[in-house]
């Protein structure tokens, strides 16, 4: 690995690692004050526990060997990685991909806000990482045969996922739905309002997410070449288009341009471009971003009719946004300069790619929903996953963490 | 473009993109709570709408062709850029320069705080970008002839502007003044006080600005060479010197070292070094930073005698700071190792460079003031640019965006 | 210096520069509201004044020449650095190391929270930087002989310190203790409680620290090679392990997983891996992180029995964490692929390295304590270092800086 | 005129407001307060140091009403704020000599 | 002694304070409160969900004054807080049995 | 019943609370307020512009107590809140007609 690639992948790793705190602020700001630390903690927890699980087991299972369903344990406990083995070439990937692994379960936390026992979350994260994230990742990105081609079964079928639209966003989005189904609604939802407790915190989170996302999408190609540039540009334009489209949709629908709309739309655009970033070019990222912004702005309203208390709209933004982007690859994929893959419908390809995109997402949705549901049911029967009514009312910050977010009072009264 | 340059320009692009949210926090923290989201939104809006306008029209008009006054439409709608065209070489510049384009109108928002209709701002930003930013940029950085030399008329005359002291800071600063003239004062200004609602938010913004500014100044040379290093070091030292000088000035003048003074001084130092970053070396950045810190600390007081309600001192910091740095190039410019350009007075050059610096800034000031004034007058006559008195009193967050920044109350009363 | 190395060191410099504001937020959030700006300011001050002192004197004294105790003045006032001298090769190091120099005195600020006169701090920072930081740095990293080997006396003895465990964390940690001894306790400590005024601000600081620390540890090798990758990975894993261990320790000890525990543990893990980052591999960073998390979680309690009001636990986190990491090098050091140095006990080395680690830290502790104590005593006798009782009660924000952190009230009452 | 002051649990504010509207109380002023009482508080822990938090979030409602309505208002608050759990709060009634509506200068019953 | 309690618009606080100072009221205590009344509130929208915000920011002023001054103080507040727009607020007067200045233990008129 | 209202310095809240507990006051409600008085304020400076901050942070305590206890409570607050420095605050006593404990509906002395 040459110096430029090394530097680039390390910088991208740092950027992706920065995203999980960014997500924490994005979600925490949207939450009510009395649960805002619990929200932060659910995200930071993922950034602590997943890298350890990943180093010890996850990476090896998600990428090792040449099977089609799951990796092996050859690199477990970091064996055969590190500077001694190959001058760090596999280690930099372990880290970069570990940062992706860390943020994925964190995404789910937005759906279970305000009512999940923290101890249950603490156990859920490593379990979900190993039982859901690792296999799906293997199917899409894992295994290498003698010629260096991927051997995971979805990859070999021919679906495309540049930086984790399916493996990360759709996967976490549908898991969020499963969690909501098992966990039930918050007391007082939907009658009681849950306005964001700190919009500036939401915007700080958004800024960090946007910034980090460049490492997420642009590093995923693994080289410092034109693909990295194109992926970066696509990310920039899709974020802008997503934010613009959501804001405009809200202006028409509800009468105002809102900050939360801008933030949500940027994230929706970023989610949607994630699977497509290295496969499309020209004006395509703008169309993808606009589509995601509009579709997700409507999708977040569905939870009310469906009766699912997906508190911070993980399904509406991440699953829906991920699907929008992943399926639009079937239209916009533009091989040639970007690499050797199937073309999308609008670039002279057939419907084959669209079908494969559909299959990959459908498989992920079914698998992730089922296993997430099972994990949470088992946890519920064993340790219980829902905070007591009293704890929910008092707020999870005090009841789960014995902390309060803000103590602004001059006196010794806590605030 | 080699791997190192690609990686470097992408990282610098991400840094510059991060700056617009940084500016949003810097300004929003200084604003009163009830307008703080409007301030955030004005900045984020610029980060959404400018990249789209830039991709579609702006970049091509600001850089294309080989004219002296304006570019052409050859690259409009991203045509001829992207990986297919030149392995991303022009695309990375489109993105990097697009991030500069996005922050420039955002700078103006600080001047119009608390009283501008958001719908008017929403329209103003793309208009200003195309009608003011694009031409000025072309004059200074645009056009290339067959030998690769710049053809914009100010560039060919010989003025220097490394990363946008004139094109960005003076330009936005004088536009801010025009906006204040058209928009008028806030109700109750200056008798009523407007202390910052959240100094920590100001400092978060400052930190992000400082961090991102390294990409702004250090990437502007386009190479990973000694110039990039020198520009980086100059940025670091000028920021420190600016903050130090402003803080000390305030200590002497008003009796205290203040956080806002430090933040403002760092920004003033950064603004001043922007045009000079790749043209000076040795102790010069320290002198430039010190000068900017002292001069701007006094300049921000002038609005009271002049009667202009430049709410967050865009003129006093960006126009004045930009002028300080731009004119000091005429003294400190130090060609040789840094490149082939006119030397400053103190380095054995004549007064010619100083004169050109003066001309470039004067031209920018006259043009930008006039066109900004015209745009706003037209908007005022057509859609109206000033929020109603009631909306101003209620606060723009609620009246323009139907949101409040903080809901810290335990009850359902909004806060 | 090739393009990749240039880009890498510049990016790492920006990351390390970003850390001082990060530290400011980390500390300020933990402080009470009425002193939170003073805390921010103590840190930002360090970021202003140290780079200037560093450029003018510090760098030359800390690295120049080939002595064993102190450098020379050859590069004072930036002479012989800069693009003209060597294409920026020494300048990039001056900047990168200047960012380290800036954060070190800032670390001490956490110990003196709520009671130190700002004017005294303003003078203390440059003094401490020159009289303590510069010599210790020279002993460990300074001087180069004709063959390019280090000549500082601790370096030549054979102790290891990759990125500043001893030179920065132990050094600042023990200085913090000296400061507490001279300054005395806060009024009302320990009976009166001092809960963090804004945990979200603490977590924002933590996120920035974590992000920046990758530049701190991973750039310290100076190359974009396998060592950089290994150091990066070690940093990632130790941070996770530290946060995990501290959180778990608190869960067992006090009954809850806390956000502050996670934040503190991540920092403890980062501190501990700092000296070791480029010397260990495999699972070692995880063991180091776990050890630091547990040990520091207990260490922070000692101040109560010892009666030292180390307000934000600088000793318990930075000195103790630095010692843990520095001494564990004696066990885990793993030469070979990582370079040519003594092996640790567990990797077939003798106790020699452990002894040298012990000596280097002991020397640093004695020297830093003594000189810091002397500086503060002299300042106390001349200008006074403790804020008046009234100022302490009113809060340092208003009394030292004439500012308040939050003005959330709708009325003109300050908040 | 009487001033009715109520200290209630924050999440009951909407119910109380709605109930008061039903019986014709058109104005009130509320404050975020902290209450100390039998309900007890909770502890918080920061880096191993325990903090006893005795003061819990409550909402204070003030409404000036006609002498004749005072009893009704009192009863309405009591019934709508009640959760039957400790910490539900108090309501008290105190005399008011005069009240003026600032906008119009109206006094007494017309001002509330 | 009388306690004057006023609910006013936040941006009128400076005017009221100045007016009270002019007539010799040297002390008062103010609180950020939220008011519900005829003025109505506004709606906020987050991701398409509407929130009705009925409580508007107000400032509550309390001043204990001599019986004889009560009328004057009342009138001064009314005139200085008035904007003639809905939501200007209320002022009311209630009886106080006793007041003590903590620092000195002075009681009654000397304590205010 | 009497309502005791005290305005004190924020850092004295713990002492006052402890003192009141000692004499059997089991409930009170506190509010963060801002006080204007002889103590004067301070100035703040932002970018060279001075702001006069006249309102200083205070804490307001309310406790409804039995008529017979009122004197005691008053004295206890005065002695425990005193620092002998300007700005210590005030305590006043006003009449209360009736008080109800929401949870139980108890009235009068049993409700406090």
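Each chain carries a letter (A, B, C, D, E and F) given by its place in the written order, and its residues are counted from 1.
Just so we're on the same page, a residue touches a chain if its C-beta (ideal position, glycine included) is under 8 Å from a C-beta of that chain, and two chains touch if they have at least 3 such contacts.
Given the structure is predicted, the values throughout are model-derived calculations rather than measurements.
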item: Steps in the shortest chain-to-chain touch route ending at chain E and beginning at chain B; value: 1
item: Classification of the chain E:chain F interface as same or different, half of numbers criterion; value: different
item: Euclidean distance of C-alpha centroids - chain A vs chain D, Å; value: 44
item: Intercentroid distance (Cα basis), chain E paired with chain D, Å; value: 17
item: Averaged-CA centre spacing for the pair chain C and chain A, given as whole angstrom; value: 33
item: Between chain F and chain B, distance of the C-alpha-averaged centres to the nearest whole Å; value: 50
item: Overlap residues in chain C, where contacts from two or more other chains coincide; value: 2-4, 7, 11, 192-193, 195-196, 198, 204, 254-256, 258, 260, 402-404, 406, 409-410, 412-414
item: Sequence positions of chain D contacting 2 or more other chains; value: 11, 14, 30-32, 34, 44-46, 51, 55, 94-95
item: Topology of the chain contact graph, where touching chains are joined (line, ring, star, complete, other); value: complete
item: Contact set on chain D toward chain A in their complex; value: 11, 14, 34, 42-46, 51, 53, 55
item: List of chain F residues in touch with chain D within their complex; value: 1, 3, 17, 26-31, 64, 94-103, 105, 111-112
item: Partner chain D, residues of chain E touching it in the complex; value: 2, 6-8, 31-38, 54-55, 58, 60, 74, 77-78, 81-95
item: Sites on chain B touched by chain E in the complex; value: 188, 192, 393-394, 398, 402-404, 413-414
item: Contact footprint of chain E on chain C as seen in their complex; value: 409-413
